[in-house]
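Next up, some structures in structure tokens.
You will see two complexes here that share subunit A, one where it goes with subunit B and one where it goes with subunit C.
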Partner chain A sequence: MTARDDVTVEARDLRREFKTKGAPAMALEGISFKVKRGEIFGVLGPNGAGKTTTIRILSTLLLPTSGSAAVMGFDVEREPEKVRHVINMASGAEKAGYDFISAKRNLWFFSQLYGIESREAEKRIDDLAERLGLTKYLDRKFYALSTGYRQRATIARAFINEPRVVFLDEPTIGLDVMTARSIREFLEDEARKKDRTIMLATHNMAEVDAICDRVAIIDRGKIIAEGTPDELKRSMGVPALVMEVTPPAKGFEFLGQVAGVRGFTSTSDEERGLSTVQVVVQDDAAARRAEEAMSGSGHRIVASWRKETTLEEVFVGLVGQGFKEREEQGDGS
Partner chain B sequence: MGIQHDLAWTRLPVALALRVVSPFAAAMTVSIIYWFGTSNSGPTVAFDPSQLAYVLVGSVLYAQVASYAWVPTVAVAEGKNLAVFPHIYLTARSTALYLAGRAVSAFVISTIASAGALAASYYVLGSFLHATIPLNVTALTAAMVLFALVVDFPAALGMGYFLGAYSLYASKFEWSLPGYIAGLLMVFSGALFPTSVLPFPLSTMAHYLPFTQFIAAARDAIIPGTSGNYLLSLGLCILGGGVLLLSGLLVYFAAERKARRDGVIDRRMA
Partner chain C sequence: MEARPWLRTMKARALVRLWSIFGERLWIVVSMGFPVLTSLALSLLYYSIGATGYIGFAILGGVMVSFWGNVLWSMASQFNWDKQEGLFEIYLTSPGSLSAILIGMSIGGIIGTVPSAIAVILIGWVLFHPVVAASWGAVALAFGLTLASLYSMGMTLSSLYLTYGREAESINNVLQDPVSMLSGIYFPSIGAGSPFPIALQAAASLIPLTIGMEALRGALFSAQSVASIWPELAVLAAMAVIFLFVSRAALDTLERMGRRDGTIAVRIR
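Take a look at the complex of A and B:
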């Protein structure tokens, strides 16, 4: 197998524009990336960054405006039928299924659309159900399943045809910790033991940190960083600065003006009368400037220390403060 | 699975009742209107049981076609509403094959239901109006009607693809429009009155519609003394059906491609 054969998903200068009443909205502005066989590839980004658009194009639900993409070497625009033979996809937000038949019948229905022989389909359904902890609930009507079990059934559907590449859009959104963890374990198992490529669009930093081999951070339709979670954390330079300050406050926007500060998050604890501010800095000098700015703003620094950068801090640092405002304005695609 | 789907996932007796009531109601309504009209129009228009047979057969067969021709619309609308349609789209070359399968299932159910509705209407109207409705039901004529139903299937499926193409783009409750379009068939298929009474050019267009020819062939088979030509009607139905199916498929494929470009394949309906 050549290095090129090892690439299962490839996007080249992918662009997608949506017509709106005003100016056309650019959902993707020329993104390029490669995903290797058996890799879990995370796509992280704020709302409207272009994650779902990317998944929709790669899974042949949407055509790109320009650029190209291939899955297992098949062009998504010119050879969608071939792409569909080797992929599947699921979205955590939709819970697709026929309400009035059981989870098992829903899975069987899709297995038949893939032309899987009935006995083989039954075997696959039982196997997937067992691994996803769904066996006891297989005969329940789809509408009667809890959110978590519906989502397990949705994930099972995405693997029923034994796809080489699976696209998942927020697969654990709205799930409790245990359900999300069991789905993550299942996904890791599929990638590591069965060599399936999984492309995961998510907001969930912990999820990406836990299972993704590589990550692309996407913002406003552009990839702004790509690498392994560790590489991305190292790229932030130095450990983050954490300050506990008093009096508690909500806005620390002045930190965004400090040279070398890449981003920050803050939480307030009224009972303790403190705000905890985490600042992503590019170097030690920037950390000192951030402390000076904090003192100069009228807040008293009760304690400050440095901690290892998390993926969330990398994300905040790269996407920046504009992210929060955009989210509040509902600027999404 | 398709049959279950078409029976709205409910129990068989309930599902069949749901399917039989509609054509039965259509047949009873038009038959009673005809009877009432002729009974109150004086000596100029007398009640004629063979005319009753005409409207009875026409209304039941119209209901049979209308109930499955718009199944592709329902399949797309329901699929988009439950978010399963995009996943069906991802499993096959296109969803056209899936829609054809759903239409076949609906055809089987609506055919059984229509036979039941015809038998029930025949019995009830015969008792109620004390009239002998001239229907010649033998194994041969029943087979001829069934054959006509099968021959009409491509035409109905073709119309289904046209309506399904529209449904890909429909949002909210716009998807119900094809149901009303199917209702127009009652006017243009000679179900209740000859197409010749329509103004030109509608009369000519209606005459060559495959649905008109199919209903005419079925009448030729089952109503004694009709002046039509069973084989000629079927031939015209096959020809028209072929054109309708081919053009319906082309329009559906084009709509599907455009829907992918516009990003509406996975857009929720309501």
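Take a look at the complex of A and C:
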């Protein structure tokens, strides 16, 4: 197999514009990336960053305004039928099943869309159900399943045709910790043992950190960083500074003026009368300057410590704001 | 698409429809209620005014209104419902054919409606003993072609509903009764016995149910042979084929537009 064959998903200068009542909204502004066979590739970004648009273009639900993309060598715009034979997709927000029939019959129905022989389909359903802890619930009507088990069924559906590439959009959103973990374990298993490519769009940084081999951080339709989670975290240099300060406040904009501060994010806890401020700094000297600036602003630093860099700090370091602040600005796609 | 996957998709969708219908016993009873009661009420009315010759029309109307209701309420709105639930995205990202899904829905819908139709026939027969003078071959052909044209129309409506969403549902609500009356479910609405002016009769003739009812009444109560009702049969067959092609073309167009405009994947919430 050549290096070229090893690439299962490729996007080249992908752009997508949506018509709105006002000016057209640019959801994607020329993104390019390659995903390799057997890789779990995360697309990380705040809501409205362009993650879902990317997934929809790659899964043939949406055409790019310009640029191109290919899955397993098939062009998503010109050869959607060929792409559909080798992919599957699932979204955490979907309900995706017929309420009045059992989970098993739902899965069988979806297997038939791929022309899978019934006996083979049943074998796959049993296997997927066992690995996802769904076996006991297979005969329950779909409406009677809890959110967690419905999502397990949705994940089973996304793998029923043994796709070469699976697109998942926030697959663990709203799930309890245990369910989310078992789904993540299943996804890792599929990628490692079966060489499936999984593309995961999410704003859950811990999830990306836990299972993704590589990640593209996307903001306002542009990829702002790409690499392994470790590479991205190392690129931030020193650990972030965390300060608990009182009185609680909303704006700490003065921190942005401090030399060596790459960005910051804050949350307030009115009950405790504290704000927690995370500051991504270039070096230790910048951390000290940030503490001095905080003290000089009239806030009292109750506690401060340094924190191992996470992908959240990477985003803050790159954009200057956290996901929450970015979403509140609300001018993404 | 190859034939085998296409057939598997169709069969699976038909089974989903049947499992959904027969999985809820209460729903079977409820779905029988409207056609049985309407048919009985009209039969009773015809009986009380001495128009006993029309009782058979009322029972036949009850049978056909079950299928008509299934086309209007289940077939037409299904894809729109699927879109709202996120199922349509799954269809589109799979190699499964949308036409196979629609035809499967039709077949499942037809079989699922049979209990309601049988209930109307049995209850009407036991209570009113309508006089039947049938040419059974013609009845079978007229019935088959009527269902084919009705469900083909349902497939076209399904595509329209997908485009226009709830607006189409509202229009359906507004038009249901006038269309049911025009199509002559319970009395002849075109031809010699029609109470309507020619213009309305011409409009009514565009509805497959009107032509189907006319053919069925002729074959079932006047022993008209295939040779006598061939114009109606030909129109029904043509409608079935035309609607089938229109629905296919509409789905293709819709998918193309949806991918271009970003509307197909957006759930209505």
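Structural remarks
Everything below uses one rule, namely that the second predicted complex is superposed on the first by the 306 of 333 C-alpha atoms of A that agree within 3 Å, B and C clash if a C-alpha of one lies under 4 Å from a C-alpha of the other, contacts with A are read in each partner's own complex, and residues count from 1 in each chain.
Criterion: contacts are C-beta pairs under 8 Å (C-beta built on N, C-alpha and C of every residue); 3 or more make two chains touch, one makes a residue touch a chain.
Computed from a predicted model, the values in this text were never measured in an experiment.
Subunit B and subunit C, once both complexes are superposed via subunit A, clash.
When the two structures are aligned on the shared chain, A:Tyr143 is found in touch with neither subunit B nor subunit C. Touch criterion met: A:Thr60 reaches subunit B and subunit C at once. Of the two partner chains, both subunit B and subunit C are touched by A:Arg84. Of the two partner chains, neither subunit B nor subunit C is touched by A:Trp305. Shared-chain residue A:Ala96: touches subunit B and subunit C both. Under the contact criterion defined above, the residues of subunit A that touch both subunit B in one complex and subunit C in the other are 18, 56, 59-63, 81, 84, 87-89, 91, 94-98, 100-101, 105, 108-110, 112-114, 157, 161. The touching residues of subunit A, counted against subunit B in their complex, run 18, 56, 59-63, 81, 84, 87-89, 91, 94-101, 105, 108-110, 112-114, 157, 161. For subunit A in complex with subunit C, the residues that touch the partner chain are 16, 18-19, 56, 59-63, 80-81, 84-85, 87-89, 91, 93-98, 100-101, 105, 108-110, 112-116, 141, 157, 161. The touching residues of subunit B, counted against subunit A in their complex, run 1, 4-5, 9-10, 82-84, 86-93, 98, 260-261, 263, 265-266. Residues 1-2, 4-5, 8-9, 11-13, 15-16, 19-20, 23-24, 85-87, 89-96, 258-262, 264-265 of subunit C are the ones that touch subunit A when the two sit in their complex.
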